[in-house]
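For reference, the structure I am asking about is given below.
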Amino acid sequence: MRKGVMRPGHVQLRVLNIQDALAHYRDLLGLIEVETDALGRVYLKGWTEVDKFSVVLRESDTPGMDFMAFKVLNEATLDRLHQDLLGYGVAVEDIPAGELNGCGRRLRFVAPTGHQFELFAEKEQPGRYGVGNHNPEAWPRDLTGMKAQRFDHCLLYGDDLDGTFALFKDVLGFDLCEQVLTPDGERVAQFLTVSMKSHDVAFIKHAEKNKFHHASFFLETWEDVLRAGDLISMTDTAIDIGPTRHGITHGQTIYFFDPSGNRNEVFCGGDSFYPDHAPITWDADKLGKAIFYHDRQLNERFLTALT
Amino acid sequence: MRKGVMRPGHVQLRVLNIQDALAHYRDLLGLIEVETDALGRVYLKGWTEVDKFSVVLRESDTPGMDFMAFKVLNEATLDRLHQDLLGYGVAVEDIPAGELNGCGRRLRFVAPTGHQFELFAEKEQPGRYGVGNHNPEAWPRDLTGMKAQRFDHCLLYGDDLDGTFALFKDVLGFDLCEQVLTPDGERVAQFLTVSMKSHDVAFIKHAEKNKFHHASFFLETWEDVLRAGDLISMTDTAIDIGPTRHGITHGQTIYFFDPSGNRNEVFCGGDSFYPDHAPITWDADKLGKAIFYHDRQLNERFLTALT
Amino acid sequence: MRKGVMRPGHVQLRVLNIQDALAHYRDLLGLIEVETDALGRVYLKGWTEVDKFSVVLRESDTPGMDFMAFKVLNEATLDRLHQDLLGYGVAVEDIPAGELNGCGRRLRFVAPTGHQFELFAEKEQPGRYGVGNHNPEAWPRDLTGMKAQRFDHCLLYGDDLDGTFALFKDVLGFDLCEQVLTPDGERVAQFLTVSMKSHDVAFIKHAEKNKFHHASFFLETWEDVLRAGDLISMTDTAIDIGPTRHGITHGQTIYFFDPSGNRNEVFCGGDSFYPDHAPITWDADKLGKAIFYHDRQLNERFLTALT
Amino acid sequence: MRKGVMRPGHVQLRVLNIQDALAHYRDLLGLIEVETDALGRVYLKGWTEVDKFSVVLRESDTPGMDFMAFKVLNEATLDRLHQDLLGYGVAVEDIPAGELNGCGRRLRFVAPTGHQFELFAEKEQPGRYGVGNHNPEAWPRDLTGMKAQRFDHCLLYGDDLDGTFALFKDVLGFDLCEQVLTPDGERVAQFLTVSMKSHDVAFIKHAEKNKFHHASFFLETWEDVLRAGDLISMTDTAIDIGPTRHGITHGQTIYFFDPSGNRNEVFCGGDSFYPDHAPITWDADKLGKAIFYHDRQLNERFLTALT
């Protein structure tokens, strides 16, 4: 949090059918449905998240990610980052408060990999779902499905990894937690963090700009990952891979697809990071092990199924 | 235990190199090395097993299973089962006490699927490794690797499933816990138990007789299965599939190979069985889900990599 | 299962208020409510149990256990055990089929410790709740509370431990899995099994006859024990002790009370037993560690809060 | 990390016998022994910590904590905080680089509760024990005991909670994550964080200054907490309480004592915090549940056993 950026605040995903998507994200992942806005977008959140929402589903003809947003400390920080972005030569679009229900003004910009990102400082903060801030119980009894705790990060595919890294590092205060390097030193994967988490956003090198690999949600335990896999099977949901462990971050994970073909991850664990940590480097010829620690080889889908 | 057969007592496996195999079964699986006999065979056991040994490794030019043995209640039971086998028309070979160090006389016979099985009533019983029978601690502190608790069962491939089932049911008192049936009612997989476990031995239909699919070892928890997967990766051991859950038995599992190409499983969990339970039936078109509950499809290796 | 006795089949508990008890056993423990009979008794079962019910709640002015029943292999076994009991000098009461809904005839007798036990061979068998016997999913999605899997055993307090052990061993075919012995060799606790479980019923020495310590229900994992503790707190249920591990059986456990003051246990794990295993012996001066492995001392309630 | 303070860097504990303490912290907790300095102090670290050490044991006639230190971003931050402390009216003692082996210069000051704290910016950084920064495996195979991952926080008892909170908040940039308030609004417990962790240091109101309640070490899972409890019992280590869950932070925990009477905690889990989160408030009449979520009452030791 070198520059006042705190955490991933929300992601807006395009889905082909809003009811199917809601069944997936609410009933299977167990996200809390918050409300539907005037544009028909549905808002959800993980039960441990204090802000009003973290996932926005928008019906569209094509799946994928509209944008991912980061919450910053306060309005003063937002103003400063606005200037810093402009000073860095990045065009910034002002989105007025209320364009997303309950969310303050947002600054939107396009990163060199072609993805749209936003910054914001204010969002209604009803507190953790079902437990609140006063003598809170350990967890609410009415959770369903995978009981996803929070929207955690996105993995995005794009071309200009160096450009996006420089922007996130120099302007937004992110650190490089882990990377994959080719023998000639090209960084083909970068896991960036602005917190103790091993990634708040990650990028993999890809010929096209602005591709979406997955949105990831945090579970509490490896047993929750098992039960997530069980639920994927019980609901005939398309699985990608898992349960398994990542080499990068060492988190424990399972990948699957929403009804529109957007990939999701639910995971637990993961190494801790502090800003004085040297980045962890994986050799590109160890990419299989870096991604899927047990199988030690990528499945084809990991590199090609994008939205 | 309708007929006095209690449990799998041991399995003798052929390995190409005894030292490599020992490193695998002792250092990776964490079996306790007991001793080496005059023939160079190495004896091991899981730490919770009270008998002297449950795994015997024999160096050979070809991998595979020599035989699997069941322990029966006592010598009188062994005598009765001897007569019952003969009465059933099964040839029985007498193996004298001491042929395996510390093991009493064994009755050896060939099942219709071509596999060699043995029955025995006596084996030295030093008790659980490291904890014993007097004020026993929860577990010994010097376990290594996967900390496998016991040799649990084998899965065998062969042709005459009906014949072997009839023999195991009528003479040895096994029950059919789970089965896979084709649309025309052919049983292509049978999981047999003589205890509360969902399988003590299992068979899958295969054109050839006497093929070995895997020997399975019991772990305590799903977290142990994760760490088993980690160790498989750390030691560059050939993995087959997992961690995952089985549909059949609902156990949680990972498959991998010993240095000779014999498949191993370590697993935890699994449904409980009693003799009044109706068998659980899986449709053959659900075979993928029955075997690998999360992926819902077999990998090719599952059907073809046999020793 | 030396004599054809398979498992604990049901326990009938006296409760002060049937609705409060139902809220406890159904909503907190997560047992499946089956039905209420003409006498107002409520029937429940754990979701993995194949028989119709395993817990019967009867409203009464005093809490405690009416009787505990064991299921035997078949009617022929029941007849034989009837004769064996009479031959052993035990008075046997015939309870006709249907006295408990869906249950066949029962043989009731009083053990030397003063507790009423029953044997029966037939009970309606609808199969596992929510999953059945055909391509069964891993678990039903509509479970609540602690998701108790099965009624597992009772711990009973009484005076004549030797007499009850002899009866259970000689007539019913139980084995002594674990015991606590005083320096002069008196057995003050005995854990008896008729299966692979480390106890199907247990007794602790006590001056009075026919006292009830707890009824125990099986959970799948240590994480389930944690969540059971959480639910105990969330529902302001009276806790006794836990989460912790037992020394005896090494199971992982938590004790609490139903609204009538009957103690319950939910637990997971536990060592495996076979009939050729020597009993495990705990010294009476290690009783604290034998019962509560971590604290290594009994709380006063363990010895005195009985119903 | 509003002011550049990153994390707890080390704690120096006084122990009555250095060899006994080493056996405890190295062999039981599983900390990595790093080295012994010229003064006879022993340095240790959790295996996931990248810096050279995080625990220093000093032999003394009285147990307790000498000081707890926080690592800051860099030397410039250290200089600024030096000025800020002085400007706040806090006396600062300069400890030269090398006074602790491998550690840069430290700024030492006494908080209003009487405890000594330090800030430093530089420490040798050999990386995670046994895995390093290049294609790191999931964990090292040679860990022992509880496999403690990191020194996590201290809980300290003292009188002037308001004064210490103001200092930590205004000068060091800590946030108030959780608090316990009396009916008249007095804060009797405060859990302070400078990260995503629910506490980096905590204070409980006490008549005396400068008392030490416990040093806490992070474990990965609730299963690790169980095994920690097992090891406590196996080694006849004095237990305080647990395994259980805290209400405050919702972490899962066990408390015990080192051979000198210093209390330790090992725990896993715990809620996440960000600087925009409102503090969580517990009512003082819920203190029992706030501390021990399952038992819902304090044991006497929690309030009185201090060093």
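Labels A, B, C and D are assigned to the chains in the order they are written; within every chain, residues are numbered from 1.
By our rule, a residue touches a chain if its C-beta (ideal position, glycine included) is under 8 Å from a C-beta of that chain, and two chains touch if they have at least 3 such contacts.
Keep in mind that what you see is a predicted model, and the values were worked out from it rather than measured.
> Sort the other chains by how far their Cα centres are from that of chain A and give me the top one.
So the chain farthest away from chain A turns out to be C.
> Using residue numbers, check each pair in C-D, A-C or B-C against A-D and return the one sharing over half of the contact pairs.
B-C
> So what's the Cα centroid distance for chain A and chain B, whole Å?
44
> Give, as an integer number of Å, the spacing between the C-alpha centres of chain C and chain B.
A distance of 31 Å separates the two centres.
> With chain centres defined as C-alpha means, what is the inter-centre distance between chain B and chain D in Å?
About 48 Å, centre to centre.
> Of all residues in chain B, which are in touch with two or more distinct other chains?
Answer for chain B, listing residues that touch two or more other chains: 138, 221-223, 230, 233, 245, 289, 293.
> Spell out the residues on chain A that touch chain C in their complex, using ranges where they run on.
137-139, 141, 221, 223, 230-231, 233-234
> Which residues, counting only chain C, touch chain B once they are in their complex?
1-2, 6-7, 48, 50, 71, 73, 125, 127, 133-136, 138, 150, 195-197, 220-222, 245, 247, 250, 269, 271-272, 274-283, 286, 289-290, 293
> Touching residues of chain D toward chain C in the complex: what are they?
222-223, 226, 229-230, 232-233, 239, 242-245, 252, 254, 289, 293-296
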